[in-house]
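The next block holds one structure in the form of structure tokens; read it before the comments.
Chain lettering (A, B and C) follows the sequence in which the chains are written, and residue indices restart at 1 in each chain.
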Amino acid sequence: MKQGNIKINSISKSFDGVEVLKNISFEIKDGEFFSILGGSGCGKTTLLRMIAGFIEADGGAIYLGKDDITCLSPDKRDVNTIFQTYALFPHLTIYENIAFPLRLKKLNNIEIDREVKKYLEMVKLSEHANKYSSQLSGGQKQRVAIARALINKPKVLLLDEPLSALDAKLRQHMLIELDNIHEEVGITFVFVTHDQQEALSVSDRIAVMKDGEVLQIGTPSEIYESPANAYVANFIGETNFIEGKVVDIEGKFGYLESSNYGRIKFELDKEVVVGNFVKLTIRPEKVKISKSKPRYLDDNDNILNGKIEEMIYSGFQSKFFVTVGNNVGDKLFSAFKQHVDFFEEDAESIHWKDEVYVIWDSADSFLLEVM
Amino acid sequence: MNKKKFSLNIFILTLIFLYLPLVVLIVQSFNSGMGVAWDGFSLKWYDELFNHSARLWQSFRYSILIALTSAIISTAIGTLGAISLQWYSFKHKKYLQVISYLPLVLPDIIMGVSLLILFTSIKFKLGLMTIFLAHTTFNIPFVLFIVLSRLYDFDYSIVEAAYDLGATEKQALTKVILPNLMPGIISGLLMSITLSLDDFVITFFVAGPGSSTLPLHIYSMIKFGVSPIINALSVILIAGTIALAMSTKKIQKYMVN
Amino acid sequence: MKNQRSGLVYSAPITLWLTLLFVAPTLIVIVYSFLKKGIYGGVEWIFSVDGYNFFSSSYFLKVVWNTVEISVIATVITVLIAIPTALYIATSKYKNFLLFLIIVPFWTNFLIRIYSWIALLGNNGLLNNLLMKLGLEPHQFIYNKFAVILVSVYAYLPYAILPLYSAIEKFDFAIIDAARDLGASKMKAYTKTFLPNIKPGVVTATLFTFIPALGSYAIPKLVGGNDSQMLGNIIARELTITRNWPKAAAISTILTIITVIFIVVLSKYDKDHKGGKV
């Protein structure tokens, strides 16, 4: 059934002369857990509310399955929303909140009771049926909102930063629950968030937005490993950038001359010619550091000398900021080192101001831009 | 703490100022004599009040009738008006904002005079109906502002949620907006009843012969000097008002829980 | 997307009602003020400015002066009493209870409250009885300017206390301590920090006292005398006794205009000084 797929066609929107959505087009597949990720002001919430029907587009169209829903009012769309503040009805019990959509449709009491109980069970709130929302915790309120939205059996569920009001531990837990519910129910989820961790952990695909435009759409690993540009690379996780002029090409690899790091070998993810200026990105966890020169190196490894400038300990990992080369300007190069390394044969402890080798495989870098 | 003592003194004097005349009335209502001089304790004025003042009770009944009907109509009209001002745009919005604010600040007499001239110029007979129309008119802005102030703090997302879940405008209004607006609506209703029961000036101008409200009746009693019953009536009204105020507080407490 | 048509539906009853029963009558009054007085009362549909001829009447001018004088004095006294009263309540532990105490007399019927002063101030009233008991001469406390001002203050005091209380409640008293810390004397601290910050409350209190006072009818009628008739009384007299409708309409129109000017001026003042809406 391809009914729950959403097609966004050339959607644009301005508020008070400011362009909030700039000619956006993409498609969300039926049954996907699709995240829209971006900083505040990027337009993600506006887009979501447009799909829900609360905002009218200035131009373009939105399709749900085969139907053009661009001009439909929210109550006529087969789409339901989880609001950021949950928007539970304070004057109704949890039971009645969840029953609300069915009461609108004037189903009989027996049917309503059966359905409501089923969804109460699904979100594990059966014993709280007669409570009011003011008596519930944040996580419980969200579960009520989910049950209430799903009981209508919509084709798409929209989630507007549903976890932002929860504390960190609870967020993790609820994220997993959302994932489970998505598995169970199987409908399309469109999840808006500013938290890249959340998006990376549960999405089938992510759209990264900035200033009203979609910068990249891809699976979490595509976005992480092959970011479309520097903004996406920096927004998702942390990264290093190396810029330089291409001086040589050898099969699948190239060499660039960088003012700070010298001659660097990199994999050709895009086509370049000698003389191009390029920008690479390397994830910190791909960069290894070691006090003694590693024994197993090959042609494809880049190896530099550096000094530990800063160390940040975070429990399960440490971040090392290393100054490399002639220290022209303050070029820091961050690297992660898992503490699990301490169990290796040549495990060593690294200290501030230690001289270290910085190594990474040229296949692990990603060619971002050819300038 | 000079400032503190100064304001405390002013406060006490103000309290005395506010309550003294009322205390005098209460005491005098039990005064057997007709004048101010104390002639012994008596309940005879209460007896006069309850048993021999048919016209007074008639005007009281009219007051209640008009208060209830004008309160209900003005609350309904005012509540819908407040909702439209808070959440919708329409061509005459600015016009509505101005004309709903003005009646609150203009002196009563202007409204009384203009309604009298209106009614007589279209040859509408003065009577209970004109009083009802007048009372509803001055009640509407009060209801509007009371409900509007409630709407400022109203979480609109629950209305959006209702639409999202399939509610039509009417369903959203009756099943979500009005139930959550109830405290404001009740406040508006009570305010309207109070204003209507108490009104003198506007009623004075638009009442016809034979249609008297309690304030009008009291006025004529004062003018014609039938004094001691007024004392007894005053006490009854004061006691009744306080009882009503206390019970509405209790009802509101109950509703919050 | 809200159905904007609902906005029209919800706003229709109130707009219609107020237009028919508030705007239309006001307009009719203005029109009537420019018509000729009918022989048996009412109006004749002939243009005339006779209604505005009252400026030639010295009696009328006297009444205008009385009205303004009484309103101003009553307002000043009321606000001066209201400020420390509201201050005391707002800074007390028992503010809700004290507020309740102040409001309760306010709930009693307006006429009863006026009447209670007749009982006190009247020629056979309590005060005079007391004076006579003490062997002193009875005094004329009622049916004069004094009584009108006194009873007006009594009637409007709660209208002044409430908005002042509201404004003072929002005031952060730590500012006064800060001012004193920086070297201001107690008096200076209050005048330079407290009063300016409660200005909106003062403006509202003034508005809600002065405007009703200008339009007073019942108070001057019941406790006033020849020296204290106010505009409201003249309007009523022209309307019901002399049956000079254009004149009544004209005075009413003037009163309306004065009121509107006052509101506009005061709310502009409020906007300029606080940057917010009235």
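Observations on the model:
Quick note on the criterion: contacts are C-beta pairs under 8 Å (C-beta built on N, C-alpha and C of every residue); 3 or more make two chains touch, one makes a residue touch a chain.
Computed from a prediction, not measured in an experiment: that's the story for all the values here.
Measuring from the average of all protein CA coordinates, the nearest chain centre is that of B. Ranking every chain by how far its Cα centroid lies from the centroid of chain C, the top place goes to A. Each chain gets one centre point, the mean of its Cα atoms, and the points for chain A and chain B are 58 Å apart.
With centres set at the average Cα position, the gap from chain A to chain C is 63 Å.
One finds 18 Å separating the Cα centroids of chain B and chain C. Contacts with at least two other chains are made by no residue of chain B. Multi-chain contact residues of chain A, defined as those touching 2 or more other chains: 53-54, 73-74.
The set of chain C residues touching two or more other chains comprises 3.
If you check the complex, the residues on chain A that touch chain B are 52-54, 73-75, 79-81, 83-85, 87-91, 100-101, 103-105, 148-149, 152. Looking at the complex, you find that chain C touches chain B at residues 2-4, 6-8, 10-11, 13-15, 17-19, 21-26, 28-29, 32, 42, 81, 84-85, 87-89, 91, 98, 101-102, 104-105, 107-120, 124-126, 129, 154, 157, 186, 190, 207, 211-212, 214-218, 222, 232, 235-236, 239, 245, 248-249, 252, 255-256, 259-260, 263.
Remark: chain B residues 155, 157-158, 160-168, 171, 175-176, 179-180 touch chain A in the complex. On chain B, the positions that touch chain C within their shared complex are 2-4, 6-8, 10-11, 14-15, 17-22, 24-25, 28, 35-37, 76-78, 80-81, 83-85, 87-90, 92-93, 95-96, 99-100, 102-103, 105-111, 113-118, 120-121, 133-134, 136-137, 140-141, 144, 169, 194, 197-198, 200-201, 204-205, 214-215, 218-219, 222-223, 227, 230-231, 233-234, 237-238, 241-242, 245.
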